[in-house]
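This report concerns only the one structure given below.
Order of writing sets the labels: A, B, C, D, E and F. Residues in every chain begin at 1.
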């Protein structure tokens, strides 16, 4: 048995993951993702009319995305007004999803994606991308593939997968990645921290490996949902299932 | 002679009231109400075009209402930006007036009601409702009846009518009420404080008694105004007149 | 030799001035003005479509003007959100330029003027007016004449021209003036400070003298620019040239 | 909440049925939709509860931090109630600062908690006039199918019941945190909200979204466990005083049922 | 203030009459509309005055509180002038934070009060660099029929003349409030504003709303009782320097009349 | 940045040329437009630099003031990076608070400076937990012709290299300013940003505005002088992992050239 992390995981091991679809009544599509202590909820509305109208495009749908943290999601209460970080991540998440979409199908409409972090325990943007992709599917919006997302990072000089909050706060580098299932392309890539080129290669490969595992859970969740489309069905995938 | 209050009133006695109509030049309708130390001024504009247009309704007029306190109206200077309390009361006042109006008469228009508290000495929302109703009449907007408003409350274990600022700040409960003259229905009802069911019955009955007295002054003011429509005519009703 | 100021100038002497046209690539017109340590940059966009549309006028172009200070332009870092002073000066500068324009030529359009203070060393609003007028000319917008602007003031009981930052901060009165070259009319006039009527006459005359000198530099700059329209051509006018 | 999305025929049906003492979803007049309360979902909060009333879903998190007291109550803790109508909850909610509906919701829940004196505010003082505990109650509306007042009030008191503080002592105007298990807040009272709709001459409780948008008037009454009234808020429409008194009777009956659900 | 509500024919008539030295409402060129000043209407304020000039009506309240000095004048009190173009005053005023017109109004009145040194700011210091008296002058425009500058400046100085402070002593950087009657502020100067319009080659004072929207140019001059200029603000349009100097002469004549109205 | 102003034919030409390893303005794939750096233009700032990359022009000013540290790093100075997309720089920039593009720009530059540890933050502490030096880096975009990330990052590090502080000593938690000449900040590292565009199967650097709006994807890599990666930001579009690794190689090559321009 090799290096073990503060929560007992191996360096290349995901935290336990739960996913659920169709968890909200009013939204056109919705999904819930739990990854370790991180809990996110996503709703999709659309395609629908754009207000104000001058934002509409004759060439296709516009995508609006909001990443937002609940005031009680963090250690210190978070002011509910959007922070600079939340505004940046809203854009980054939108750009992670757009490559998977056929925007030209719905000219003059908007697809609105609302991602709420209910509890923040590291990796919230990735969990949101994973959940957004499921919620889009649940809304019946055609996708080129599912987008699965996971971060790798460097903590205590070790490259590891899917940092939790403690690792995240003390990390030397954080590398969130999103991956489009059908093409294998990277649709989200950020680096926050210092990595040598070799470390970067290692971390990116590890993150992509995590994305592929998360994609498998997404697929399983969708299949279960469509085979038995009962509300609040949850595919639980513990430590074993995530390897 | 029974219980006397800090300002010498009996428990069921209103403060001296003054009302005036047509006090502003530019507004379509306006009214001024003084109730004890509370002084409020209301202007009505409309029915007029709505901007932005998408707010307009083909089914009738929309009502917009703003309750606002002048910075010098309170003991400590009030920041002129609308507080959470002012935004709530704007909605409550709008809902107190709406049942008296024939909105379907003016499709695609707005009726804008601006209520300014010039001096706050307790009971400002009620004085505003009373004044709004007069200003709407002055603007020539057809009404199902006048809306008269008054609060009752519990202060030093005694149920009493029309609390002044000192009573208001120290009160155990405050129950503002508005009453539509033609149907006798209650169009505003809020409770802030703790009342037993019996106390609530007593307070509500007392408040409604106050509303009826205020309605009499409204009616008198309107009659005087239309019989002798000189500007700034004021119907003064002192302690005697208000019983 | 008479009274000499802290920077060695005579009371009626301008600071060294540099002007340049067409300094920005994307703007329809642009100009840069340096007056002593004051450095301002102006861009003009338009005539162009107005958004939101209801602001457009069938009778002519509307003018929008923004005077803004860079956060690093002042001694203490300036918050980039527009201050009350910047909002007032935006209006005053717009009103200084409007008398020089033929607004009726471009109905339903807007002409947008953006003035940025890169370094503030006294006299920024005047330098902006001077630069705006050049940028409008550079944008090919027909003008009734150039608007040249300069302040006079009272510092240590002496009336003097074109206060620098030290004089400005310690001055007893500041009198910014703008002057329309073809009619000789005053299009900007503000007084901040205390002046007797005689002092006011003296200061206004001095400021107008300064405006005329600045106009000469504007004219020279324009002529050089149109004769040899290379980018970033700068007419330097030192202490000699400005008399 | 401003857009009318209910077809005219549904509205008429709701009014017509109410006149006969019936509801469009088959409920009795004084019957709530199924209520489900889950506590402790949010470990990062000091207390939390998610309440569903039918499809309406509200999540409330409680955080206790330190801050300054209000100038007029220098020796009492502070209660801050905030409500977010999160845009994922409804096609008519929009991102942005709380609008009048969100502010009203927060203020009505606040009044119920504050006036019922469910918290002992004097126990939350650290250094009079300078430092007190601030209890943040954050209402997060996740799915909006009507009757936000009752769901939010219920979730708020449930979250406060779930709230624990680490053991501490107050010494010389400072908090000393001690070893040991967190212990629950000491709640004095258990206010619940009952929203009553008026339609077709009848009164009924817990209006769903399509009922809310069809009825003549709405009234929300908050009551403690001793049937004392601690907050009232009339919404749209008007009531006779008899209807108000009858609503209080209904609230008395129904509030026990709601309070049961908290156990 | 941006919407043109004046018919073309009225505008032409105003210009034509001005050319003949006459006004559309029959006034002389240098005549103000009737001025009415009422003081002390707002007991909750430390001073207040309502000024009407014709149909234009402005209410000013003064509040004195304590606060921090500006860093560059640590031993002087602070003057804060704020203006609200309250939407009840005009169909073109809208709710919301002060726009450029409101900010300009506040800042021009502020300059007149500040530069005239009507208040002894050094007397308003409590603890240098830390605590001073802050004098809030809140301008509340209630009815807008033109010439807000003059009405607001007049109401502001009148409200300051009405302002009283409770007796107090400053000791060790703190205010000690004493027994006794409040006493008025000690004013040094009495600045008033005179707004001059230019139309059809003529200059006249106190433009009404329909004049304001018809004339070629506007100029506001603030003067103290010694005829010193303490603030100038040109509005729209342009003036020759002769017109400016003539405007100063007009202001000198008229300011005494305005200052009389303060007595 | 959201309006598409590039004609379809230009977009197609850009893609077609890229497929052949060529650029619409004749540049090689890994060639930057001409770079020009001017320092010290703003004497009121503690440091400043204006960088042009082709027609793109960015001015950065650095100000050092004192303020409070972040709670989680009480003994370190604070870096504050702010970006303004000033409306004079582009017909698509609008006045107002920073939008998502401006915030992203500021945050990506911030990450490059912060993670490279170019500043010794521990040297900027005055009084732990209470008072530290705050380094404001204000990015002012003056002309927008594409590739704001690289121009802003280059101007920021150049401005920090230009920054001087007056000699001072820290004693008992206060700054004592001494006599003498200002001396430059002690920089540890020199991060630069390289933006790589993907189009027609090719990768190239420094996209101009019309390229930016035509390409399939964008990636910005920030690297220090030891070729360590200190920030990455993918923009629109997607990359294979091979393309990402190749982009890192390109960045390594090109970053030396950019760093040369700083000398």
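The rule is short, and it goes like this: a contact is a pair of C-beta atoms (placed from the backbone, for glycine too) under 8 Å apart; a residue touches a chain by one contact, two chains touch by 3 or more.
The shown structure was predicted, so the numbers you read here are calculated from the model rather than taken from an experiment.
A.B. asks: Please state, in steps, how far chain E lies from chain C along the shortest route of touching chains.
C.D. replies: 1
A.B. asks: Measuring centre to centre with C-alpha atoms, which chain is farthest from chain B?
C.D. replies: Using the mean of the C-alpha atoms as each chain's centre, the farthest one from chain B is F.
A.B. asks: Suppose chain centres are the mean of their C-alpha atoms. Which chain sits farthest from chain D?
C.D. replies: That would be chain C.
A.B. asks: Centre to centre, by mean C-alpha position, how many angstrom separate chain A and chain F?
C.D. replies: About 28 Å separates the centre of chain A from that of chain F.
A.B. asks: I'd like the Å distance between the centres of chain E and chain F, where a centre is the mean of that chain's Cα atoms.
C.D. replies: Measuring from centre to centre gives 48 Å for this pair.
A.B. asks: Of all residues in chain A, which are in touch with two or more distinct other chains?
C.D. replies: As it turns out, chain A has no residue touching two or more other chains.
A.B. asks: Among the residues of chain F, pick out those that touch two or more other chains and give their numbers.
C.D. replies: none
A.B. asks: For chain C, which residues count as touching chain E in their complex?
C.D. replies: Of all residues in chain C, those touching chain E are 84-85, 87-88, 90-92, 95, 98-99, 173, 175, 180, 183-197, 200-201, 204-205, 208.
A.B. asks: Residue numbers of chain C touching chain F in their complex, please.
C.D. replies: 24-27, 30, 37, 39, 41-43, 45, 48, 66, 68, 70-77, 80-82, 112, 114, 116, 118-121
A.B. asks: Residues of chain F touching chain A in their complex?
C.D. replies: 100-101, 103-104, 106-107, 111, 115-117, 219, 224, 227-241, 244-245, 248, 252
A.B. asks: Quick check on the complex: what are the chain F residues that touch chain C?
C.D. replies: Touch residues, chain F against chain C: 41-45, 48, 55, 57, 59, 61-63, 65, 82, 84, 86-91, 95, 97, 136, 138, 140, 142-145.
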